[in-house]
Every structure is written in C-alpha cells, then in structure tokens.
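Shared between the two complexes below is chain A, which has chain B as its partner in the first and chain C in the second.
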Partner chain A sequence: MLPRRIYQFFLIYLLGILVLLSLKYGLQLSDYVIPGPKTLWQTALEVFPRYALDVWNTLQVALIGQVMSIVLALAIGIPGRSTTWFGNFIKAAAYNVQAYPIVAIAPIIFILLGDGFLSRLLIAAMICYFPILLTVLGVMSEPVADVEHFYRCTGRMRWQLEVKIRAFENLHKLTTVIAGSATLAMAGTIVAEFIAANAGIGYSIRIALYQSDLARILVALLLIGICLSVYQGLLEHTGSLVKKAWTGSA
Partner chain B sequence: MAAAGRPSSRRACPAERKRSPMRIECRNISYRYHAESEPIFENLSLCYDQPGFHALFGPSGVGKTTLARIICGEIQPAGGSVTTSRTEPILYTYNLERLPDWATTGRHLERVTPDGRAGLRESLVDIFDIRPCLDQRFGGLSLGQQNRVNLLRYLLQDFGFLIMDESLANVDEKTRETIIMHLKELFRDRMIIYISHNLVEVARFCRQIAVLRSVSKQPRIVRVTGQDLRLEGRPDRTALEKTMLEMMNAA
Partner chain C sequence: MNGKTGKRNSLLAAAWILIVLTLAVAGAPEGRAWAGTLNYRLKWIYNASVIGDLYASGKGYFRAAGLEVKVRPGGPERDALRELELGYADFGVASADQVIRAVAKGAPLVVVAQLFQVNPLQWLYRTGKGMIRKLDDLKGRTIGITYGKNDEIIMRTLLAKAGIGRGQVEFYSVRLDYTPFLRGKVDLWPVYANTQAVFLRDKLSRAGEETALFVPGDFGVRFVANSVVTSEKLFKRNPELVKRFVGALLAGWKAALDVKHQKEALAILRQVDRDTPLRILKTQLEITRRLVMPRSGPPLGTIDFEGWRQTERIMLEQGQIKAPVKILSCLKPML
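For the complex of A and B:
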C-alpha cells in the first residue's frame, strides 16, 4: 500500500515535470521562467536538507491539527447523533458551516493570534474538522437495524454500545475519511504558512515565489508529495491493522 | 385464537382468559404504510389465547411482518390496541439480524446469557447443532447457522411471547424439525408465534394458526387448528392433509 502510493506520486510528479519541460522546449522559454533539468537537479541538492526539515515542521503541525479535529469531531459527532434539539442543532450548524470556505477566515486568525504555531495549527484543524465531523455525524446517526434490534428489544442498548456498533459497521468509511483528511490538514497548514507564518514548507514556497524561483517550488512540491504519500500510506496501513484486529479478518 | 370477522370466535376469547393466563390480543388494528397509501389493516382483530407454538401464516406481502412489529410494539398502529395477559416482554426476531463481528459467536452468546441460564444455553447449543460455530465470527457462518445463532440468543432472554419471523430460514429440514420439537418442550409455558411460508411445517407443528389473507379478501384472518405435533407424537397423515388444505383454501 505504502510503496504503491509513493510510486504513483512519483509517476504523476514526473509527468508534471515532463509537461513543464515540453512547454519550456516547445515554446523556447528561458531558464528564468521554467528551469532546465540541470538547474532543477542543482537546486534540489542545494535546498533538499532545509526543505526536508521545513516539510517535517509542516507535517507536525498538520498531524497535531488532524488529531485535534478527529478528537473534536468525535466529541461533537457522538452526542450530535441523537434526534434531540442538541443533535439537530449540531447537524444543522455543521452542514451550514462546512459550506463556507474556512480558508477565507484565516486572515482573522492571524490578526488575532499572530503568525506563530497556534495560527497554523488552528487553520489546519479547522480545514479538516468539518469533513470528519460530517462523516462522524452521518455514521453515528444511521441506525444499523439488523445488529441493533436485539439489543434494543432486550433492553441492553447503551449509548456506548450504539456508538461501538455504528463505528464498527462503518469502519471503512471512518478510516477512509481520516486518511483523506490528512491531505486537508496538510493543505490547511501550507495555506496558513503561505498567508503569514514564519516557518514550514509553505513559508519557504512563499519566499521562492517572491524570488520567482520555480526550481525551488518544484523541489518543495516533490517533498510535500513524498511526505504526504508516506503519511497517508501509514494512516491507511494503521486503518487496515485496526480493521484486522477488530474484525479478525485477514 | 380468534379471527377478524368471526364473531363467535372472538366471543370465545374472554372465557378462555379465565382458564389460561397466557394471551395476546390485537383489537381493531388499523395501519397504513404512508398517509396516501391504502390501509394494510383496517379493524383487524386477532387473539392467541394459550401458551404453545402458534403460527402466523400467509402469502408474501399481506403484512405478517408488519403485524408482528405492531404486536411487539415496534410500530404504532393508527388505531386499535394490543393487549397481553402478562408483563413479560414480547420479543420479535427475524432472519436478517446479525451479531456484531468484533467477537466470536460463543463470546457474544456468553455475554447475553442472563445469570443462571448457562445450562439452558449449553442445551440449546447442542439442540441447535451450532457448537462448531462458537469459535467463529458471525460473518463467517452460513445463513442457516447465522439464523440459528440469532434465534438462540433470544431464547436465553426473559420473554413471555416470542415472535419468530422466518427465524429458521436456510436451516435444513431435519435440524429445523429438531429445533421446533425441542422448543415446544423447553418453552411449554411461553407463547411462540412462528411466521413461515412452509405450509407442511406450520400445519404439523403449530397449534393455533392465523392465516393472514390479502387486503382484498374478507375476513382478513382465518383461524385454522394445527396438528401441534410433539416429540413423542406421530403425525396423522389424514389430519395433516386436512389442515394443509384448510390453510391453502384460507390463504
């Protein structure tokens, strides 16, 4: 699973580079606009160690943000599954807020909290929070009648058991959305770094952008891609281990 | 058992109530699936008034499952009432139910066995012939095994009335017969209502058979007395054929 993800990313990345190089040579563009293979290679050797650390920094923020959003989505989604006024309020609020582009309020966060770690973390968490919350709400609100019937009619149903049944029956959905939200968390962090942060790969890309240095941007994209592929692959692998342990299936 | 549109039978119920404490009665039940749809039941009345193994029989789509769900309180009818003579719960089980796959069926059965019923569980496991399934998870069992495991866990619970909706579907005939025969012996003082499309089985083993007919037919329910065959009993072929014929004509 993990090598396949990285291999697929490399293929797409190489295709992208080939398209850029075709454009460069087809339209006879200068190295200033699109760098040649030699410049790309030299830039990679030059910035790779520093950018690797930057990506690691970004990934740490994204990871903490994602964990925060998962915990928060479960904390809100589980009580929100009920058909009480609270549950209905949570659902209505979640559906409405998720329709709004959260990135647009990033400047407000920077104004209020400054350009440090906290702002990046908050934006990353907010961006991946709503898709996870909606999935948790959807999964937890949907009764699994064939399984729950016995526990209900014999008076054995407790909220913990209800949550366990629904989570178990929708494990694939939950692990998929958690793995998918890694991209959102990473995107959120990078966007935050673009806007006003003082660290991370997004910040390095912003500097490269100001210098119109496409080679550096391409190296940064390569590192982001590898890092995200590894992270998502690990999440999927963890998900399949959890599934295997819980369902006993191979 | 009394049937709708059969006043003589309906009058018989209150008298029998004094003799037998086990009774379940539906009075003037009305129900429709949607506000715009035709009613599936209109003033439908039904009464089972003895403990034992009874049946609700009828062609597909006449509302057997709906009626069963109304009896056990899962569906509220638009009109009418369901009364029982005892306070024990009415349990309803159907053949599509599943056990969660996070543990083996044996572990699940242990967890849902009330105190003091481990012996009953062990007996039922042997009667139901599911001992080899106890180390497996529910999803890994055949449909017949799944249905047996599911039914078994209901039989371990406190109940006065149990409605078995196709609960022995996909179980081979010999095992089904063994299970029904033993259920009748083990739960003599309870009322079990068996919903099945198996004409021979219902005619042979059930005592009071309510044949639920299609919406266009009146009365909606016709009463047939089954052969109520027991472990030690031998089937009377002529009587069995007569019961089957009555059921077929009624349906």
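For the complex of A and C:
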C-alpha cells in the first residue's frame, strides 16, 4: 500500500513538472517564471538537506496537531451528539470558530501563546479538527437502532456504551476520515508556519515566495508530498490493524 | 491486473497526460498585440504609495494620452514581473531587488521610470532607549527583519558596514501583526515610512510614546524602491506606446502630489481606503510627496543609476544573486 502511494505521488508530481516545463519551453519563458531542469536540480542539491529537516519539523507538529484535533473533535462531538441545549451550544461554538479566517484569529493566538510551537500546534489543530468533528457528529448522532434497543430494554445502556456501539458500527468511516485528515493537519501546520512561525517548511516556503523562487517551492512540494504519502500510508495501515483487532477481519 | 488491463491503463494515463498538456499550453497567454486595454499591475494593494497611479487613471491622464489602462492592485501573492513575461500585464511596479533577481534568472525586463527617489522602507523605533544617530547605536537592540525580503538585505548590509557582529544585535522575525513591536518586545520594526509608520506613530503618540525613523539612506545604503517596469518585447516593438504611458503616468503622479490637488487626491484615496481616517491619509500623502519628489532631489521619475548599481552590488555581496547582472543595461529612462 505504502510503495504504491509514493509511486502514485511521484507520477502526479512528475506530470505537474512536465506540464510546467512544456509551458516554459512552449512559451519560451525565463527561469524566473518557470525554472528549467538544470535550475531545479541545482536548487534541489542546495536546499534538500535543509528542507528535509524543515519538513520533518512540520510533520512532528502536524502529528501532534492531528492527535489534538482528534481529541478535540471527540470531546466536542460526543457531548454535541445530543439534542440538548448544551449539545447545540457546543455545536454552534465549534461551527463559529471554524467560520473565522485563521489569519484574523492569529494575532489573538500570538498574544495568548507567543509565536512559537504552541501557536503552530493550535492553528494546525484548528484547521484539521473540523472534518473529523463533522464525521464524529454524524456518526454519534446516528443511532444503531437494533443494538441500542436491546441495551435500552435490558436497562444497561449508558452513554459510554452508546458511544462505543456507534463508533464500532462506523469504524470504517472514522478511520478513513482520520487518515484523510492527515493532509489537513499538514496543510494546517504549513499555514500556521506561514503566518506564525520561525521554523518548518511553511516558513521556508514563505521566504522562497518573497524571493519569487519557484524552484525552491517545487523542491519543498516534492518533500511535502513524499512525507505526506508516507504518513498517510502509515495511518491507513494503522487503521486496518485497529479494524482487524476490533472486528477480527481486515 | 492482467496484461490487457495494464495496457489499457497505460494508454488511459498517456491520454490524460496529453489532454493536460494540451489544455495547459492552450490556456497559456499568447503574445499581445498591445491593442486595446493595457494592464498595469501595482506592487501593493491600493494605499498612499500608489496615489499617482490611481490619480493618473481616475483623472483621465491615460485617456488623454490615447491609452486605455486598467490599474490593478498588487499584493503579496502577486508578482508584476512574472505577469509581464506571461503577458498578463503590460506594465508593472517592482522594487530594484525584485527586478535584479528576475533579470538574474533571465527575465527580459526594462525599467522605464523610478517612482520613489527615497526608499520608503525604514525602521520605526521608540526614542526612549535613545536616538539612533550612528550605526553603532544599533548595538544591543532587537531589530525586526522579514527573512527573505529586502529589509533583511538592507539591515545586514548596514550591520556589515558598521562591523556589527551577530552577537551584538538580536533579530526578530517580522510577520503580519505589529504586536511584538507595540508590546516593546522588538526595538526596531521595518515599516513603510509613508503608510504603516504613519498610523503606528499616531497610535504610539496617543499612548504618550515618542518615536523616530531609522533611515538606511542616511547611512549610505541606497536601495532602490518602486520603479515602473515593462517587458523588453513591448519596449522594442512599441517604444512610442511606452513613452506615452510613462508620460501620462508621471503627469498623474505630479498632479497627485501637487498641494493644489491635495483635496482631489485625498478623495481618490478615500474611495479605495475607507477605513483610514482622513488626517492619517493626509499625513501619508505628505510623506509620499517627500519620498517621490524630494525638495532638492532629481525630477519625478528619474532613474537613480548609482542607486541601482549599489543595489546590485549589495545583492551580490549578500549572496542574493550569484553573478553580476549588468542591471544598468536594463535601465531605459523614458522621461
């Protein structure tokens, strides 16, 4: 699964580069607009080690941010599944926070948390948590009628059991959205680094953008893509292991 | 997967690649004939720094020269120089470091006028810790710089000039918001003297804090700012049109900065910047006037050849370009 994912990413990346190069040579554009293969290669040699460390730095934050967002989505989604006033209040608050553009909230985050690791983490988690929250809310609001009816009739139903039943019945949905949200965690961290940090690949891309250096950006995209493919592949693998452990089948 | 399916998939993939390539090339801009509307891409969003451009457009200076010009705002995600080469823009505004970087990568560009005679990029600081009268006064201060941007190059040049080493100043990475400066965490903050500096100084002055500007030019670093650029192709094929454009643009700038037309200029600024109080806009306009048309300076639009030469030398010294680009050959004053 993992090698296939990486191979597919390389195919997409190469296709993208091919399109850019066709444009470059078709329209006779300079290296400033689209870098040529030689410039790309030289830039890659120059920045690869530094950018690899930057991507690793970003991935670490994304990973913690994703775990945070899963915890956050569960913490909001489980009480939010009920149709009580409190459940609705939590949902309204969660939806509203998501509606605000992150750049508008960023100054408040800087004031509260400074401009280092914590700000990056929080912004990454904020961007990543919403799709997980929606899935959790969807899954948790949908009763598994037969099973739940049995426990209700026997008087053994508690909220923890209700959550477990609904999670078990929708395990595939939950693991899929968690694996998919890795992309958002990475994107969220990169956005945070763009506006808040002094480290990570988002910060390096920002500098490259200031200098209109497309070659550096393309190298950064390659590394982000490889990193994300590996990360997602591992998440999917972990998801299938969890399913196997819970259900006894892959 | 059997051989037949594999072959079919490969064919499908090849067809997709072909379609994408065809669409990409078909969607790309073709060479313009320069008939009809000219696109003029600014460096930044609409503010006092572009008042002359807006005035020339709004008051019919381009039309009087027989030109239909669409003035488009710039911004961090827009690059006028790239648009010139791609044919999306016919004229653009860029700072010297942007132009030099593009020329170093083979972009065929020509600089036809220089708008700012004094670079508006300066550093704001509180005078509480003492005035900065010599470069040595920077020692022990925390200086805000935007890594990768021209303020980093300028500050590093100034520090190198004064022989100030790494441990003697502290750098702070500047971002979008001013909180670190307002809270006193950073001593010097890079600002545009005619825009951000005006409202920041106003804010701090109302809080009882006195401020001053650290001007790199006062210490011999002349880093050229906003200039008007076009493509080599347009310059060669239609020099008459370029001349008419530059003439109309500079006439617009001259009128906009004329005290007699201040009311109209402010009205134009007000239309595009409704949130800034009028008194701030007025100050911004006055400072822009001093930067574009310094009292004892050269005529409006003059290209400062020595400034460009120095900018190229600084960029070479700072490793921003790998080899000299002979930038003077790209300067074609159209005054």
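The criterion applied here is as follows: the second predicted complex is superposed on the first by the 228 of 250 C-alpha atoms of A that agree within 3 Å, B and C clash if a C-alpha of one lies under 4 Å from a C-alpha of the other, contacts with A are read in each partner's own complex, and residues count from 1 in each chain.
Assume a residue touches a chain if its C-beta (ideal position, glycine included) is under 8 Å from a C-beta of that chain, and two chains touch if they have at least 3 such contacts.
Computed from a predicted structure; not experimentally measured.
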Chain B versus chain C as contact partner of A:160, first or second or both or neither: neither
First, second, both or neither for A:246, with chain B first and chain C second: first
Contacts of A:96 with chain B and chain C, given as first, second, both or neither: neither
If touched residues of chain A are counted for chain B and for chain C, the larger one: C
Chain B versus chain C as contact partner of A:168, first or second or both or neither: first
First, second, both or neither for A:150, with chain B first and chain C second: first
Common ground on chain A, meaning residues reached by chain C in one complex and by chain B in the other: none
Partner chain A, residues of chain C touching it in the complex: 13, 17, 20-21, 24-25, 28-29, 76, 79, 81-82, 85-86, 98, 101-102, 105-108, 146-149, 173, 175-177, 179-180, 320
Residue ranges of chain A in contact with chain B within the complex: 146-147, 149-150, 153-156, 164-165, 168-169, 246-249
Chain B to chain A touching residues, read off their complex: 72, 74, 89, 91-94, 96-102, 112, 137, 139, 150, 153-154, 157
Sites on chain A touched by chain C in the complex: 11, 15, 18-19, 22-23, 26-27, 29-33, 35, 39, 103, 106-107, 110-111, 115, 195-196, 198, 206-212
